[in-house]
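Each of the next two complexes has chain A plus one other chain: chain B in the first, chain C in the second.
And now, the complex of A and B:
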């Protein structure tokens, strides 16, 4: 079939589609360096780096970045632990309820965030837990588990069981086998899964609006800015920063798993 | 030699417990399974399922409009209220938007996915994969923000419409009932377009995955048997791509149903299910009604999933 020639209209549609997907993202980059202060007029007015230092000097933005980094780190660590355990359990032989458990892991991300968000909020109210840092982390960890799980389970399926058996036969115990045989094999998939989980947590907004209480993560800071447009240039800079902080781990995760059949990031 | 033997013995003695545990775990895979599964199951069982249960229970509680208090007295009033004409309007508006967005995403995604799966090779294929994956993972709120910038008064969209000389067509579109509005940013069309943009990558990748699975020899057989290229497309490739389209539409449908930020920032007034949930739990404090409203997308998505399953979409996920 690869002898079949590509119609020019199809190629145009494909590249046009890509351009459509990327154009708004490029717009964010362009406006971050724009000199205009209170509107989004086009053509752009001029070039400046001024807003970066302004944004850096704002304590509210700094606090939001620190909070988002804290949440993403904690959620990633929890997701790595829970996702790896689940993957090790579910990659083995089939057992009763296996499909139900897989579904349960996927649900928090397959259902709209609003359902996860309001459910958690209801439960926190019932349990008399005040929304704050801890509740944000709990919410994020819940939907991050599945990306770690997906990466690790794909790797485990390709890892030959004979290596593990050989290790045990040669006298290693379960921990030593895990430490010296399973872990090195899993390393890149854990790193890839962890980076995706970090990116997912760092820019999450819908679940966070319900579980954050009075805390302001970076995406929530952005949303608040959108409601009442002011500080336009600084908002542009923050938007670009969020974009960069999430893009780099995603590219990294793709790079780490690019030669395998289950490339990271195929599903969000 | 003897010192080595001692050290070996020493190691064996120290690891004796470890070995015994290992042997036990190896002999009893069910025990291993339980040990591995307990932490994730506890988390998902208690935190996630527990929360969903709390939500469903909450939707049956009574909310007193005067005292603004929730009392655990069972009632169906919240569900009844969903069928009030204003609430029914909100539900139908959201449902219609979700269907329209899914349809348009499928139309836009198909050529791109087709090119990716059947024409791009090697480096070009990798490029396409990354180029679709990046916007999918890029921050949701930044993407929405980008569109408010694009559609802002005097912004790029205004400039482009003027430069392309399509102002009459633009004004005609804005004058359409249900679609138009005073500007692109406050029209239903603008809102629809932003939804399509945000969820499009979620449609491209499942279609691409489904098209990748069409075996070469099937295409060869079709053309050997005398089918013209468009017949091969219509009778062989398209039917095999449908599960991918349905799988993608599960994402676009479900994500649109639950969104409350795009309807809040772009398009005319007129609430969506997500806005109702957000307002009810927030400023009004009527958790039972917010919970009942949340059950609506759960039910709609379940119906959608049941239909999709019949169409074989889950083989393509």
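And now, the complex of A and C:
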């Protein structure tokens, strides 16, 4: 006999999987409010907000957050400009080498971060560029561009060529057509792509390790904390903050493109 | 006055394919000119060449006497009504219509007033604040028309604009388009694959086949004097009689065309000396309302179609032998290109 209801075993497995994925996050959330100082002891000792004020008072945390925000913003802006241009160039007429260029463009998202990181570092050394803010931004832009590109190219494919022709036909030059017809059509896909790019950049660690030099972004700061067990509660507070900052834009991107089917490039 | 549009030995190649093959034509100022042909015949490519979406591979295109071969679409005093209407989904109807004026720098107040006026011209005065997605197919068609006409272009291009409409609406739009064109005096270039549409609306029609022009003529001449077997077949229905049969019927070994409504059953009221007569067997009879369509098989398997008025007169039986007759001056001799 067929039933509309999902078999209980399947439901159990599904919810079990979700719990398995998210339980560690909950642990971090919970222990950010725990009164005890050192380890993850159970049960929780009591509720406190004082780790938040501690974290807020630490200049190294503040500096790391500011640096990460700077990097993410710059990489996103760079990715929006380059990704859109690349999508416009590659979405219409075929030309010699088009597939090769598309592949090269999308490659950074498939390539292990450690390869991207090492090759960028080598390239920077060869070019005699000192690692710092600029190199982190460039490193992040390599994969942020892909996210924007994927979103924009999907939208362009669904935008009828006749709209652009109609605009030109009515007397608009290329720039006016881009501004009045193409941009409004791309707006939500740019927003979605930009938010994903921002979130990706904000918690990126592997490429950053190679390109940061002496700079400490938030994820690197967190990694360094592993060696300092006395700081665990503060680390928990910061980890929670990172999660919130990166989750909100991704939720936003999902919300803005939920009635389209092309929020591409979530996979890094 | 210079011609509105001139094609001077224009070809357009897509790879090896000659979409437009050495076409020369002139379209007069204020004319309703149709480009008629089956799909893939090059008519739409010709339209896109005038609009500037395609550039000629060879030859020249003149608009109002000026060489426009290399001009961008926005540099040409020509507007297009697209097959899919191509209304901008992010703008309301009024701003869609005002778009062409906006990008040309016409002030907001004036351009909205002129857009309102254009909308009332197509009987959509109260629809300015709607989004294109909220309109029916016929209404979108009118908005596209208003948008293309609001800037008073020298030439209006229409790319099968009635194709997506149902029959009733299509007939209504046909006469509205014709009236609009007469009122505004703007040159209309109308692309269609529907021969009755081309015949009923146009001052002149160019018939396209395989990238070439088969004939340019008034609708009447196109119908009465088709220049080729293709035109005779494509424009209306026609009986095209091959040379051997023509010789046995008329004594002349030449292809000719005869329209079905010019063939009568029996030879009453026809002066024998000025008529051609043929005997055959009735194969099929269909009642079409105003007329009956009768298919008659002559000797040698050739089938002629005759249309006879459906009122009065008894119909022959299927399988019976009948005599057909038509006046010699109703026939049109076709000179076939080698």
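Quick notes on this one:
Just so it is clear, the second predicted complex is superposed on the first by the 256 of 268 C-alpha atoms of A that agree within 3 Å, B and C clash if a C-alpha of one lies under 4 Å from a C-alpha of the other, contacts with A are read in each partner's own complex, and residues count from 1 in each chain.
To be clear about the criterion, a residue touches a chain if its C-beta (ideal position, glycine included) is under 8 Å from a C-beta of that chain, and two chains touch if they have at least 3 such contacts.
No experiment lies behind these values; they were computed from the predicted model shown.
Shared-chain residue A:184: touches chain C; no touch with chain B. By the touch criterion defined above, A:170 reaches chain C but does not reach chain B. By the touch criterion defined above, A:160 reaches chain C but does not reach chain B. Touched residues of chain A were counted for both chain B and chain C, and B has more of them. Contacts of chain A with chain B, set against its contacts with chain C after fitting on chain A, overlap at residues 168, 171-173, 176.
Within the complex formed with chain C, the chain A residues making contact are 160, 162-163, 165-173, 176, 180-181, 184-185. Against chain A, the residues of chain C that register as touching in their complex are 51-53, 72-74, 78-80, 82-84, 86-90, 99-100, 102-104, 147-148, 151.
If you check the complex, the residues on chain A that touch chain B are 1-2, 4, 6, 10-11, 13-14, 17-18, 20-22, 24-25, 27-28, 31, 39-43, 81-83, 85-86, 88-89, 92-93, 95, 101, 104-105, 107-108, 110-116, 118-123, 125-126, 138, 141-142, 145, 168, 171-177, 196, 199-200, 202-206, 209-210, 219, 222-223, 226, 235-236, 239, 242-243, 246-247, 250-251, 254, 258, 263, 265-268. Across the complex, chain A is touched by residues 15, 18-19, 21-22, 25-26, 29, 33, 36-37, 39-41, 43-44, 47-52, 54-55, 58, 108-109, 111-112, 114-116, 118-121, 126, 128-150, 152-156, 158-159, 197, 200-202, 204-205, 209, 216, 219-220, 229, 250, 254-255, 257-261, 265, 274, 277-278, 281, 287, 290-291, 294, 297-298, 301 of chain B.
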